[in-house]
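Here's the structure, in structure tokens; my notes come after.
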Amino acid sequence: MRSKPAGMAKKAGSPPGSVLHIGREYTQTARIQMVTYDSSHVKVKELSSAADLSSLSFDHAVTWIHIRGLQNTELIAAVCDFFHIHALVQEDIVNSEHRPKIEDYTDYLFMMLNTFWLNEETDLLENEQISFVLGASYLISFQETDRNLFDPMVARINNAQSRIRKEGADYLAYALIDVVVDNYFIILETLGEKIETVEEDLVTQPNADALKKIHVLKREMLFFRKAVWPLREVIGFLSRGEAALLKSSTLLYMRDVYDHTVQIIDTLETYRDMVSGMLDIYLSSISIRMNEIMKLLTVISTIFIPLTFIVGVYGMNFDNMPELRKEWGYFILWGVMLSIALGMLRFFRKRKWL
Amino acid sequence: MRSKPAGMAKKAGSPPGSVLHIGREYTQTARIQMVTYDSSHVKVKELSSAADLSSLSFDHAVTWIHIRGLQNTELIAAVCDFFHIHALVQEDIVNSEHRPKIEDYTDYLFMMLNTFWLNEETDLLENEQISFVLGASYLISFQETDRNLFDPMVARINNAQSRIRKEGADYLAYALIDVVVDNYFIILETLGEKIETVEEDLVTQPNADALKKIHVLKREMLFFRKAVWPLREVIGFLSRGEAALLKSSTLLYMRDVYDHTVQIIDTLETYRDMVSGMLDIYLSSISIRMNEIMKLLTVISTIFIPLTFIVGVYGMNFDNMPELRKEWGYFILWGVMLSIALGMLRFFRKRKWL
Amino acid sequence: MRSKPAGMAKKAGSPPGSVLHIGREYTQTARIQMVTYDSSHVKVKELSSAADLSSLSFDHAVTWIHIRGLQNTELIAAVCDFFHIHALVQEDIVNSEHRPKIEDYTDYLFMMLNTFWLNEETDLLENEQISFVLGASYLISFQETDRNLFDPMVARINNAQSRIRKEGADYLAYALIDVVVDNYFIILETLGEKIETVEEDLVTQPNADALKKIHVLKREMLFFRKAVWPLREVIGFLSRGEAALLKSSTLLYMRDVYDHTVQIIDTLETYRDMVSGMLDIYLSSISIRMNEIMKLLTVISTIFIPLTFIVGVYGMNFDNMPELRKEWGYFILWGVMLSIALGMLRFFRKRKWL
Amino acid sequence: MRSKPAGMAKKAGSPPGSVLHIGREYTQTARIQMVTYDSSHVKVKELSSAADLSSLSFDHAVTWIHIRGLQNTELIAAVCDFFHIHALVQEDIVNSEHRPKIEDYTDYLFMMLNTFWLNEETDLLENEQISFVLGASYLISFQETDRNLFDPMVARINNAQSRIRKEGADYLAYALIDVVVDNYFIILETLGEKIETVEEDLVTQPNADALKKIHVLKREMLFFRKAVWPLREVIGFLSRGEAALLKSSTLLYMRDVYDHTVQIIDTLETYRDMVSGMLDIYLSSISIRMNEIMKLLTVISTIFIPLTFIVGVYGMNFDNMPELRKEWGYFILWGVMLSIALGMLRFFRKRKWL
Amino acid sequence: MRSKPAGMAKKAGSPPGSVLHIGREYTQTARIQMVTYDSSHVKVKELSSAADLSSLSFDHAVTWIHIRGLQNTELIAAVCDFFHIHALVQEDIVNSEHRPKIEDYTDYLFMMLNTFWLNEETDLLENEQISFVLGASYLISFQETDRNLFDPMVARINNAQSRIRKEGADYLAYALIDVVVDNYFIILETLGEKIETVEEDLVTQPNADALKKIHVLKREMLFFRKAVWPLREVIGFLSRGEAALLKSSTLLYMRDVYDHTVQIIDTLETYRDMVSGMLDIYLSSISIRMNEIMKLLTVISTIFIPLTFIVGVYGMNFDNMPELRKEWGYFILWGVMLSIALGMLRFFRKRKWL
């Protein structure tokens, strides 16, 4: 069960501000990519250690440091210390079991988000944590895995014509958040397709398996929803302009991202209602089918049980049973039985059971 | 499934402010209609391209440009650029999968609404997006399809006596919004009729089909509701006078439209409760009918199964069965069986099963 | 279905401020009653047309014009124009499908309320709309039907000792609203009695009919509730003193009416919970009874089906069946069958099925 | 049904401020007890009529007038008039069907509360209304019945050492409210015990009777809850210091009472969840038992119905039935039937039905 | 039932501020541990009585007094009086049935929390109350049991390098609260494991026992949740900086703890949804299985009951039954019966019952 905060339980007892990695072990080594740019120049570099930072010049308008892999806590602590980032923030960055949040430390903004992808093997959603530290002229991003989520962004920065080159670090932060949020639409589409599939299953072969699929789907959505709701607060905070580090021109873009998160939540809630509705309809259809089964059983039993009794009567071996001796007894009995059966049928038709 | 934001997922990755059409392809070509008027003059014109705009004089009090069809994104971008409309707004206009919203860009107001109509073939609700850009003396409206929703408005403007001729662009905006909201009452009436039909079906022929109709109806309402709730916020914003572009005389009218949206939401919530109630009652009535079926089966079985056993006993071929040899044995047995049956009937009547 | 806003749908398309009657046709002609009074004089008059208004002197402290019947829209428009009432208000007055609301037009206050009564024939709740326009020294009330709801008020005004004679038009408005709200207690009592009746029915004869009654009752309450909740807002607005036209001495009385509406809502919510609880208990009791029916069927079947098989065995006609030839075979078989039956009975008693 | 506001319906139509007794008739005569005290003196007196008030001196710091019985409305009106209490307050005092509320008339505070007790005979909760009018140096309390709820308070006042003697009328009000609220814990304990009893019943003998007990319990809690929620608002108002008549030293005590009401509500909500959970579990266990019953019926039927058919075949009287003539036919048939039965049993065991 | 506030009911009637122990009797004797420290010195001492306090010097920066066991109310009152703590606070400390709360007495802050642990024997959650009184330079903590919850904290204080040595009493309060909150993650993990176990049980052996486990689990979570929600308010109050006693540097840490409580609530709500979902799925799967059982019963009955009737017919003993005399009658009948059976089977296969 992914939602079990096992790591947090393990950590209980250690002093606050301890930079211990909590979460899945996705990558063993950390990769540090540094992109510095302004409207006229771009430089992309892979750093081998945090020590490289001090030898670098930060003479460009924007410095973006992107770190993949949270296992190497020492390296992360070193980078953070270089930028004078609070110990509690460092602790949060390496603990990948947090809910999305935003904190304004005046000199820098700290944000945590989640991205999701579909694990093709298990057909379940996986998530990783993305943290951002946004300063006046720098942005540090921390990614749990090695996925190339932000590679298109590097390409965009390399394009001298793109708007991103003319804007500051806050616009870069917006652009990365936009990538993360746009990603959610892909997840929504996946969920939408799963809902359609389960719905078809329910129509064509309504069995316990379809039920289990609904169960898994509901849990996936619970898991996804838990990440999306706090995201709304985070981006709402940004779009309301409460953080001084965001220029007012960027606010407009943040408002756009905020609209997207609201739309995601809206769609997700609609999906929830749809899945609940589906389950209701499914259970109701079971009741209806049960009803029909019972009707058939009752019709058959009600017609044949009395008739079986009658033929049983004339199968008795009493010495003195006058009817048995009558020449037309057998044929009269058939007449009697047929009229009983027909009467019953008419009764059931009147009750609309047939 | 209409609520799947497929387009948004496709768009994930492209830079912000890209004017890409997202949504259904209703019309291939865009039609631009321009209406300029003041209290004394009216001019109605069809423009063939955005270039025509620059050659026009805007000497009347109000200019209304109405564009149908969102496929031709270049034309829309050209019109928007002419009026200096922000790239993010342009992006929203051509993306028809947004929820209703309003944004105040000081110089102009941007609004997105939805209208609905019943597709006669599928018997399902269809929707299209209507966007408005309201400036100090102009209103640009964007419609996804070619429906003649606003044609009566052109006729009203042509009437020199109508109030609209004496008022500014903000009153025109109100009048168009009023057309959109009034349209919702027609949808509500359609939903109301569907509910009535389904309810009658449940009474006359309660089967799995009626259940499916409830399911479809619930989903229609979910879909409709998703559009109506944010509409309330949009019009609430307008009616509270938070937008400087609306004159205070227009606010009174906006408040009236706001009352209508509240009434629509109220009715819709009542419908929801009614449909839920219907489903509950339906399922309960299935339980009750099941109960009656089971009672009948049980009564028949409980009376005849023991009797069938008895006649079976006297159908046995043991050499030594004294009863069979008794002269009145057969008739005595009938007496015994009748009294068992009557006893059972009395028992069931006492338990109110008959 | 009463809650269908059919009228609003019909009106879609007509320009705002059109004074068209929307709603049921209760009365063909309108009756205008005018009561003017101060602490020393009272005059009660029936007006035949709006033109009579101009010939009248408004020299008393308070003028109350009470109009019954909304069909004659011209007359209503004439009266409203005489008092310079906004076109949107006039439109609302004759449209009897609005939810309760209040609007402050500085010079006058506009309120819409609903009253309910039990239609003895259909045993269903009916409602009519009451609108008030309260000016500094006048009150105009509009009533949809011809019911004599406010006749006792005329009598009270005629009584020179009553407090109402010493107070202004705002106190008169309070007094009429109090009449309307007090009326709701009668409806609550009716609902309470219906709940009791249905509950007794459920206990004495729990069948599909009782279920239908619950259904109707739930819908009645839904319908009633839809009117009561906005009423709370309306009277809350008045009691908080937000309207300048109400003197502070009247506010105290309004607060009293507000308490009553809160009490009505409280009781109504309790009723809802009670009805929901009733349905739950009813459905549960059906499940329990079903259980008992099934137990009986199972006990009977489980005992007699094996026995019937056994007697069937000895009814076979094989030439060589040694048991049949045994002298005591028949009696031994009876012993075997009795012990099987007793064993089964003991098994069922142990399982607490008997 | 206790929650039916019958009295309010009867009152509909009478002018506001009418001091009519509405509610149950608990006591015929009213008892007036007057306690005046300061830190050095105490005087306790029974008054025979309101006229006695004028002959009394109010020279002590605090005067507490406690009136039991609301039938004698004239006496209550006289007392209230003596203290210049508003007619609407007087009306509320004698109408014992109000919800708890508080009103600040600047010169005095008016509060209404409810107390509950268990009627031993019916095993149902009964309630009575307690009203307080708190002035600067006096407190008037009105109690519906003759119960000696506040007798221990008189004893405490008589004790010269008790804190109450050093404090003003506001502290006395606090002390009495504390008595009322503490009483609620006793009711909670009663409800808790009832829940335990019902739960045990469900485990030991789950039948329709247990169901009815849950129903009654739920209704009791509904009834109790309806009184507790508004109580929270009342005491919250007092504890926030919004009433000028309460000294700041008393606020601390009020906050303590407020904590108690929050705790009461918390516990009550937990009880509600517990009872709902109980019902769910109960209904589920019925489904499970039904399932087991059906399994048994199906196993028995599925084994014996085919066998009964087979023995029926060989009970037929055709002239030419070769099997019947075979010497070992009967025994071979037994073998066939046993293997069918064993096969069926193995099938059911595999499906985990046995 | 642990949630029954039995103690509070017993207390009803006693005057406010009475320091009576209410709650379970965990320990007979109280242990007082005193830790005083600043950045350079630490002193840890066990006090035998409250009188020892006066003989002590409070010359260090921070004094922490930790009291275990609430039975000895006199000792607690003595300690509290020494620090001039209000009587109502003393009353709350020894009453261990309160909900978490915080109160600001300007000179000191009073907080109540709960900690939980799993009772290994009963497999149920137990809780104890932790109260804190935080002054400018002292912290008094009260613990209900003798558990060594805070022992690691003493070790940390002894470590001269730890941050706690450089900070004031407010940081100590934070550190202790952090211990309490971190503890909740352990409980969450326990609950998560229980949910997993129950879920597996439902899959492998879905019976009434699994149902009971869900019931117990739901109640555990109800009990836990009742403590966690108010905790959020308490810590939210602290983290918002509303208490003057907390330095701004400590606020950052409090905000971190606040994030943890939000995460705990989030996870708990997810668990609740999971357990509800589990129950739904379980009940649905029972319905489905019931359906399958009924299908089998119906198939068997519907095939064999008519056939049994037919063989019954030819078991009758009428003298004149021509079919019985036909040479191939028996074999023809077998053919007829087989084709009936096959027809039925085809019918059921078409209906997807087989």
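Labels for the chains are A, B, C, D and E, by order of writing; each one numbers its residues from 1.
The criterion applied here is as follows: contacts are C-beta pairs under 8 Å (C-beta built on N, C-alpha and C of every residue); 3 or more make two chains touch, one makes a residue touch a chain.
Not measured: the values here are computed from a predicted model.
Chains making contact with chain A as well as with chain D: E.
Between the two copies, chain A and chain E, the C-alpha superposition involves a rotation of 70 degrees in steps of 5. The distance from the centre of chain A to the centre of chain C, each centre being the mean of the chain's C-alpha atoms, comes to 42 Å.
Chain D and chain E, compared by their mean Cα positions, are separated by 26 Å.
Of all residues in chain C, those touching 2 or more other chains are 287, 289-290, 294, 297, 301, 305, 308, 312, 315-317, 321, listed in ascending order. The touching chains form a single ring; listed from chain A in the chain E direction they are A, E, D, C, B. Every residue of chain B that touches chain A in the complex is listed here, in rising order: 1, 3-6, 8-9, 11-13, 15-17, 86, 88, 91-92, 97-99, 101, 103, 205, 207-208, 211-212, 214-215, 218-219, 222-223, 226, 279, 282-283, 286-287, 289-290, 293-294, 296-297, 300-301, 304-305, 307-308, 311-312, 314-317, 321, 323-330, 333.
Residue ranges on chain B touching chain C, taken from their complex, read 152, 156, 162-164, 174-175, 178-179, 182-183, 185-186, 188-189, 192-193, 195-196, 252-253, 255-256, 259-260, 262-263, 266-267, 270-271, 273-274, 277, 280-281, 284-285, 287-291, 294-295, 297-298, 301-302, 305-306, 308-309, 312-313, 315-321, 353.
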